[in-house]
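Both complexes below contain chain A, partnered by chain B and then by chain C.
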Partner chain A sequence: MPSLRDLERDVARALLGEADGAVLASILGDGLSPAARLGVYRNHVFSTLTDALEATYPVVCRLVDPRFFAYAVDRYIRACPPAGPCLFEYGESLPEFLAAFPPCRHLQYLPDVARLEWAINRALHAEDAEPLDPTRLRGLSPDGAARLALRLHPSASFLESRWPVDRVWRANQPGADPDGIVDLDAGGVRLEVRRLGDDVVFRSLAAATYAFRSALAAGGDLERAVEAAQAAGPEFDLTQTLRELLDDGLVVGSSAPRSRMGATDAN
Partner chain B sequence: MRKTNLFIASAVAAALTMPFVSLAQGGPAPKPKFEAQKCYGVAKAGKNDCQTANSSCAGTSKRDSQGDAWIYMPAGACERLVGGSLQPKRA
Partner chain C sequence: MTEAEGRVRTSAGIGLRSPHVAEVMATRPAVAFLEVHAENYMGGGPALAALDRLRHDYPLSLHGVGLSLGGADALDARHLARFKRLVDRVEPELVSEHLAWSVAEGAYFNHLLPLPYDEASLDAVCGRVARVQEALGRAILLENPSRYLRFAHSPIPEPEFLAELAHRTGCGLLLDVNNVYVTCRNFDEDPEAYLDALEVAGIGEIHLAGHAENEADGRRILIDDHGSAVADPVWRLYTRALERFGPVPTLVEWDTRLPALAVLLDEAAKARRLLEAAGRRERDAVAA
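The block that comes next holds the complex of A and B.
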């Protein structure tokens, strides 16, 4: 008699395609053979996960055709099964999988389109957060300001691509001009994706603004974000950029150094 | 004290001196906080929040208003809907 833990592990493996005699011996067929009974569950797992991935990646599915998509995600589900029960959380690593999947490796823009769709999915389901009251940033010492980390809205993410993935995405929405042509050589984009109210929105940012915001999103302090922005564009205006960030309601918290006046700073 | 730090601090101060007009519209709407109840029999096909007697996942009910599929609704709203029930009905 296997332990429950062993049984669950064996059933999970069997569902992903590696059925063996031991697990079949534990299954009551109830009118079907144990293998056929297991097949009912396997079919359900694959059709549910395929539907979930298609819902998260509709543009990728459209670009490669639903039949190819079903084939690719069948391989993906076997290689990277879900780690948790929530369907909307499944599929984060699909872009990397597609980038390395030989049958579509020549579609170089495809993984970045998938990354954009994942960012949209992530933004849609991110928790809510209230914008920071900007007056709380008053009275910082020079060291305190440089080491200030601004926490951005949980729905916000930043995505850079060599390809115009925003245009690819728009051209593949329901109701888009069917004769519209996207020039893949039109140049890359730097996108900010976030939720605004109940809608997910994205827009392209100038190089310096993108560098500034994505450095903050990665947890960098103001000094680091300023360095990144100055490296990206010499005309960078910190006051203006900071002000736009606050006006966009994207800052939801700050971790100022403990000593606001910098008097007892050990670093 | 580094020159950059002074530059950053003065930019922060300058950014904060301008009046904040757009912030009220810029932020997300406050999350509604309501008491939720499970309401059976009113979910559109595929939009249920639960498992049902014959399917195992959210989003899998096969037809509109399936009696054993429920969605979360604000407390008190379910009884006012045609077909809404706080108990599962025959599918």
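The block that comes next holds the complex of A and C.
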């Protein structure tokens, strides 16, 4: 008789795997085969997770056809089952999975469309945070400002693609022109995705602004963000860019310049 | 019993699902309480904002589906902390979870999986329920699951297992009448005998929902899919439960093939009429 831990582990492996293995010996048939009884649970697990992924990735599902989507996410669920109990947090690694999934490798733009859908999902469910009061940044020395790290709103993320994934996304929304054609060679995009009020919005940014904001989002200090922005566009204006960032309500906290005593949180 | 307590006990609520939130916000239908799945409100944004507003107009019931209280793996401390944060924030009248497990070796199944009922699992579940109640600073209700398989070694009948769990931990029970019906039918057991085996005290809430009837290898199997109206035999079993347990706050759940809100409200109204009748019977019995 297996311990509770071993039994649950065996059920779990049987649910995700192809073979039911030793666990069948622990299950009563009750007029059915033990495998059929386990199959009821497997069907539930896969249909719940497939529905959740379809809700997060509706455009990907539409682009590849729902039947192929179901096939692909069946493979994905087995390879990458959820790591937590909140369904809205499941599926972050689907874009990478699709990029490496041989049957859709020819759809080169697909992983980036998936990344955009994940960014939208993430923005919708991100924690709430109040914008930073800009007056809190007054009085910083130039040296101190350079080493300032700004914490951006948890809903904000940045996505660069060589494909016009924003147009692909819009063309696949309910009510979009069914005859609309997206020219995949129309050029790439640099997108900022965030929540604004109750809505998720995204827009394309100029190269320098994108470099600046995405460097901050990655945890870089102001100096590093400025370097990234200047490398991306020579006409970068720090004062104006910083003001726009604050006006957009995207800064929710700042870490004071690091000293030997370590960082202190200003908000 | 005061009049106010009587109203709460003879009340019916609905499970609130995201496609209905806007309509509930706009029309504020007359239901006694709203129940939501805790795991859908552990981020921020419009979902949580709506819940913050609705909780001022409705008593809330917070129904967890992911604590895996029947699991052998260590309790997920991060998840428990998020659960507690949500409880502290929305101050629900009722907090409930399931007699089931959903995670093993770090993989979450987002489904309520069955466990064998023996002394070892009773000890394990009691320990977890106690830890959760300690973390939350309140008693929780534990729901009987719907089951599609039985383990070869599972010597304790489910109602006894639940009664013992309640006795040892002080938790209450969330009696899902549809789950009783589905489970008993799937194993040729008597659902009324299941109700009779439960102790009368400590039933803090009742759930009602629809189920589907599938066929596997020529045998009918009931699936608890929450995808239709409550079935007639389940209404009859519910009436039987009210006779035994008296009026208990009752929730109608509907998750798949979600109907118009009005259909769900009609189901809740039907439950409320049965609750009110049970309340009258109880008062007559006291008066007699």
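Convention: the second predicted complex is superposed on the first by the 249 of 267 C-alpha atoms of A that agree within 3 Å, B and C clash if a C-alpha of one lies under 4 Å from a C-alpha of the other, contacts with A are read in each partner's own complex, and residues count from 1 in each chain.
Assume a contact is a pair of C-beta atoms (placed from the backbone, for glycine too) under 8 Å apart; a residue touches a chain by one contact, two chains touch by 3 or more.
Worth saying up front: this structure is predicted, and the values here are computed from it rather than measured.
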Combined model on chain A: chain C and chain B, fit or clash: clash
Chain B versus chain C as contact partner of A:T239, first or second or both or neither: first
Touched partner set for A:V226, first chain B, second chain C, both or neither: first
Touched partner set for A:T48, first chain B, second chain C, both or neither: both
More chain A residues in contact [chain B versus chain C]: C
Touched partner set for A:A14, first chain B, second chain C, both or neither: neither
Contacts of A:G249 with chain B and chain C, given as first, second, both or neither: first
Touched partner set for A:V168, first chain B, second chain C, both or neither: neither
First (chain B), second (chain C), both or neither touched by A:L196: first
Partner chain(s) touched by A:I120 [first = chain B, second = chain C, both, neither]: neither
Which superposed partner A:S141 touches (first chain B, second chain C, both, neither): first
Shared chain A surface residues [contacts with chain B and with chain C]: 44, 48, 87, 128-129, 195, 198
Chain C-touching residues of chain A, taken from the complex the two chains share: 1, 3-5, 7-9, 11-13, 15-16, 25-28, 30-34, 36-41, 44-45, 48-49, 52, 81-90, 123-129, 154-155, 195, 198
Parts of chain C lying in touch with chain A, wherever the complex brings them together: 39-40, 42-49, 65-68, 71-73, 76, 78-79, 101-111, 113-116, 120-121, 124, 148-153, 186-188, 216-217, 219, 221, 223
Chain B-facing residues of chain A, complex: 44, 48, 87, 128-131, 134-135, 137-138, 140-146, 148, 153, 195-198, 222-223, 226, 238-240, 242-243, 246-249
Chain B residues touching chain A - in the complex, by the definition given at the top: 1-2, 4-9, 11-16, 18, 20, 22-23, 26-31, 56-60
